[in-house]
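Okay, structure first, notes after.
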Amino acid sequence: MAVAGASGYAGGEILRLLLLHPGLRDGRLELGSLCAAGNAGERLGSISPHLVPLADRVLEPTDVATLRQHDLVFLALPHGASAELAAELPPSTRIVDCGADFRLTDPTAWARWYGGVHAGSWPYGLPELPGLRARLRGAGRIAVPGCYPTAASLALAPAVAAGIVAPRVSVVAVSGTSGAGKALKPNLLGSEVMGSVGAYGVGGVHRHTPEIAQNLSAVAGTPVTVSFTPILAPMPRGILATCTAVTTVDVDEARAVYADAYRAEPFVHLLPANVFPQTGSVLGSNTVSLGVTVDADAGQLVVVAAIDNLTKGTAGGAVQCMNLALGFDETEGLSTVGVAP
Amino acid sequence: MAVAGASGYAGGEILRLLLLHPGLRDGRLELGSLCAAGNAGERLGSISPHLVPLADRVLEPTDVATLRQHDLVFLALPHGASAELAAELPPSTRIVDCGADFRLTDPTAWARWYGGVHAGSWPYGLPELPGLRARLRGAGRIAVPGCYPTAASLALAPAVAAGIVAPRVSVVAVSGTSGAGKALKPNLLGSEVMGSVGAYGVGGVHRHTPEIAQNLSAVAGTPVTVSFTPILAPMPRGILATCTAVTTVDVDEARAVYADAYRAEPFVHLLPANVFPQTGSVLGSNTVSLGVTVDADAGQLVVVAAIDNLTKGTAGGAVQCMNLALGFDETEGLSTVGVAP
Amino acid sequence: MAVAGASGYAGGEILRLLLLHPGLRDGRLELGSLCAAGNAGERLGSISPHLVPLADRVLEPTDVATLRQHDLVFLALPHGASAELAAELPPSTRIVDCGADFRLTDPTAWARWYGGVHAGSWPYGLPELPGLRARLRGAGRIAVPGCYPTAASLALAPAVAAGIVAPRVSVVAVSGTSGAGKALKPNLLGSEVMGSVGAYGVGGVHRHTPEIAQNLSAVAGTPVTVSFTPILAPMPRGILATCTAVTTVDVDEARAVYADAYRAEPFVHLLPANVFPQTGSVLGSNTVSLGVTVDADAGQLVVVAAIDNLTKGTAGGAVQCMNLALGFDETEGLSTVGVAP
Amino acid sequence: MAVAGASGYAGGEILRLLLLHPGLRDGRLELGSLCAAGNAGERLGSISPHLVPLADRVLEPTDVATLRQHDLVFLALPHGASAELAAELPPSTRIVDCGADFRLTDPTAWARWYGGVHAGSWPYGLPELPGLRARLRGAGRIAVPGCYPTAASLALAPAVAAGIVAPRVSVVAVSGTSGAGKALKPNLLGSEVMGSVGAYGVGGVHRHTPEIAQNLSAVAGTPVTVSFTPILAPMPRGILATCTAVTTVDVDEARAVYADAYRAEPFVHLLPANVFPQTGSVLGSNTVSLGVTVDADAGQLVVVAAIDNLTKGTAGGAVQCMNLALGFDETEGLSTVGVAP
């Protein structure tokens, strides 16, 4: 297999997880080309020194000729680049795309939020949502969800599916800085982010908004309106999504809905009553940690979800999808144990 | 003047601000007793080494005999302690209380949220709310607001006062750890909080909820329901409150309401359209930084407020109130310039 | 096997690593009693929520009756507690002790630095030091090194062994806060440590000083004097040790000494010339990352070592020792891949 | 006065301090042109939102025509730019330069460490060093020291001046990220620096090495060799320098030397015996906090110094120099009170 975007944060996390995957040790998987754009030609060790076993690997340029030699390709590229590459790769090359290009099913939504031609949509890589796991087994093309939509959709899907909340939800999600990638922007400098929390993309303008709405509307069978506010926090990893919606059920009924929905899910961890998650507990793991309650005074369901944006929110989700696509056990190489403190 | 609770974070911040106050240099103010509980007898320098000019001051025990010798006393004590002390201090001793004891006007709310006997209510130290500044001028007793209520109330008051939102608001507020005080709890250890964001007091159970509701209901002239979720972030200081409410007005109308409301306020800084605050910009300052917009798709007003929880959220608010109580210029000793990066 | 001190940071890290160990999946290892002191009776999930698979395990009290039922016991206890327990456990119970009780060979040093009776010394669990690996294979009692001594000893051992430096070394080591354990001390609160770096135990008074001196003197075959300064940095994990000593060799010769010494070591990663490590690259891994150079102007060898204090510095070292004691492959369950960014 | 480099971290800190300077309120100072390079034409509020009172100021281009209209100019520019500008500014324009161009007195050292033509040297802006204060009073040109040299020189000058240490010192200094400026480099991204400590410029290659050596050699009256290792820590501000040198005196004698040297210095705070500083205590202040001890076993003097790299280490030092140049009280506008926690 190959990884395109191997020098970025998502690509680096895919490599970290593959290095821990049993398939690599028993020969079912092989790490082929590691491709990059501007960093092609460099030792991986000089860019991602944490990937010690791959330190002396040299990054190759990202081109179709290289990628088509592999039976499976992870794409961890800026939005837009995936569609272009995918158009030239043969059907025999499985593609697990971490970009946005194939996530939205509605061309109008695509045009509004991303602009340009809609390249189409692929099976959506969130197996925990109703009906999606079956479509991912053996799939040749997979669109891995965005990090915020992973957290928000899993936090709210059971409630909207069961009809216990009004179809108008609010998501305020705090993210670590790696969610913005390795982009060289002043506001992502350590000096700026440490000791400070800030909101951005406020007022429903973040591109993950339509993806959350698409997921929840599909599950609800009716349009769901989403108010989404992303917040940047001083930590490298993690998303904590606080999700609220008007409800009339009590806390026990709400918690029963979630217990039912996620009883068999290996990566969803429903916390006991009155316990709420923190992102530190899921660092480096594929766990979705959920705290569910009802604010009776305000008449609101409140669900707080914690994930590692790079693991379950991107690369872990991608490896989980790869496992399904290749017929492996869905959990192989993915841990529910976080690195803490 | 005296400061009770001088070894805590709120008390330390009061001292930091008083050391910068012109009144200290020109003799209008004098730093008398610095009182503590368990730390009485210790050098302040061994507890709060940042207060260099006071390093050799020895902390005195917190007792009425000591405090009553001063014409003004700041109380920065655990909830419950203020009421007890206040009952024994003479009317001639002005009291600026940073605790909760005298904030709630409704005895029923007090009984539900804090328990025990309601000690009464004092002029509420948030001069930016309609009608309150006049009550604070020359006041002998002042109840300084909680840190979350300061942020949330100033973020939402103009909208509820103008009636441009439904009387049902949602507040998700991210706070630095100093908001929890210097309590020796495992979840406040550096190892636990760094690299992690977590929710606590979820589901409307945080004691600042009724205080926010009281403020907004007073301003609205009608009961306002509040859904409040506090979140702990890996930084020592700062609150970022994301406040939403259903609205039918557009962004220009909403922004005009806020511009009108805060035109003359020295500490409220309304950011330009599409700009949103970060807590790092208000570190150590008394500024309330506000970003205001409308999410037209979701039909929601979104206001993001940033304050320093220890400055405008506690000690800065307290000094601002002291200035009003003593007839000083309201802004003396209080800066709008943050310490960044 | 059992883990005593399972609710602390070292114990939690042992559990994290054991959960990833192949021996647990294939039945060679079994997680028996998880013991604690004050937390006995609690769910592990309420204390260490990152250990999701063990969330519902209930902590047992730490007593000999419980521990003696297991064939191997990890002790991750405060100094002094290990010796007491060890005295009552049968020889058939293997003990891997993460405390200091059995590290120092010299009773006089023990008396000076720890006080009380010297309980003796056990095979020292740093297999990378000359001659130690053989003593650890099949061992029934093992004293795992302290975190600072692990970093400093591996940084300096090749140079002192080869005699290319004067026997007078200086170590300035920056550590994350978990090195201090879960102790409830004001200076370990998140509010105090974030945004601040501070020195403590300055002037050769830290208890890891004699342990470093013991290791280096043994390797050198002559007494080595150690100046050691520990520094606390705002991060949960990691040690960066800057080690210097007067030398007359040039950089190539110095680097050749290190390349020779560590050629076959699975966990020591010697960085290329002019590259120096950062702790973030070894987070959660058992890697020791070394940068080696010579400052020709100052006539000093400078070696910078990065480890994760909880992994290679404590629990990873302990599991590595367990592997040797039980005749497993030394690297089983231990990764060289860090969790970054 | 004007500030060139007003959009950078050093320039921003100069503005923060000037905004608090009494001279601005009483008319002795006036904030004229704020100049920038790439950011010219932008609102300062969009770049440095913490400078609220200057939010609507528009940055001007950095050119001689603009700067020469002012009687005093702060230069906070990349190395090399100052010499070029200074050559064209009239003698009547006082210049306080925060760059390196005029710090080194030895043209050979300049050629080796910076390259190119040596522009000369100006009075060195560290008034606490013997003999320098007098040269700064009324000075028309001032070279403000580098941040590391400020900490290291003040930590070691008394000892080398008194001859109580060997002329061979070691400095391991941990710095916050703002010391590297607002440069858009991958290793300065928040995702990279948070949770990680790393060494850089190891082996005597950092450009501050000759500056430290120059200062200490001047004070000693004999060449002093310096081994200097800079370390980057996950915090925006602060330098903690651990400085060691071989000594034969005991701790009392050493401490007496420092007490003597700094008795009258307003910004040097000598901590009590066995107490050592942390950078968090001097955040935003002009304090140099010193802990002094002797490690008798190792025969070493150990001095730990904490400063805020942007305040005393750059902009605070610059304002202190301005005060001396203009005949103001040296401490005006500069606080010894840190912002903590």
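Every chain is named by a letter (A, B, C and D) in the order it is written, and numbering of its residues begins at 1.
Everything below uses one rule, namely that a residue touches a chain if its C-beta (ideal position, glycine included) is under 8 Å from a C-beta of that chain, and two chains touch if they have at least 3 such contacts.
Everything numeric in this text was worked out from a predicted model, so none of it was measured.
Asker: What's the overlap between the neighbours of chain A and those of chain D?
Answerer: A chain counts here if it touches both chain A and chain D, which gives B, C.
Asker: If you tally the C-beta contacts for A-C and for C-D, which one comes out higher?
Answerer: C-D
Asker: Among all other chains, pick the one whose mean CA position is farthest from the mean CA position of chain A.
Answerer: The most distant chain relative to chain A turns out to be D.
Asker: Between chain C and chain D, what distance separates the C-alpha centroids? Give it in angstrom.
Answerer: Using C-alpha averages as centres, the distance is 37 Å.
Asker: Between chain B and chain C, what's the gap in Å when you average each chain's C-alpha atoms?
Answerer: A distance of 44 Å separates the two centres.
Asker: At least two other chains touched by the same residue of chain D: list those residues.
Answerer: 9, 178, 189, 191-192, 194-195, 234-237, 277-278, 280-281, 283, 340-341
Asker: Along chain C, where are the residues that touch chain D in the complex?
Answerer: Contact set of chain C toward chain D: 168, 170, 172, 174, 189, 191-192, 194-200, 202-204, 209, 225-227, 229, 231-238, 240, 242, 244, 251, 274, 276-281, 283, 291, 293-300, 302, 304, 306, 340-341.
Asker: Inside the complex, what are the residues of chain A that reach chain C?
Answerer: The contact residues of chain A facing chain C are 9, 12, 16, 19-20, 45-46, 48-53, 55, 178, 194-195, 236-237, 269, 271-272, 275, 277-278, 280-285, 287, 289, 335-341.
Asker: Can you tell me which positions in chain D touch chain A when the two form their complex?
Answerer: Chain D reaches chain A through residues 9, 176-178, 182, 184-186, 188-195, 234-236.
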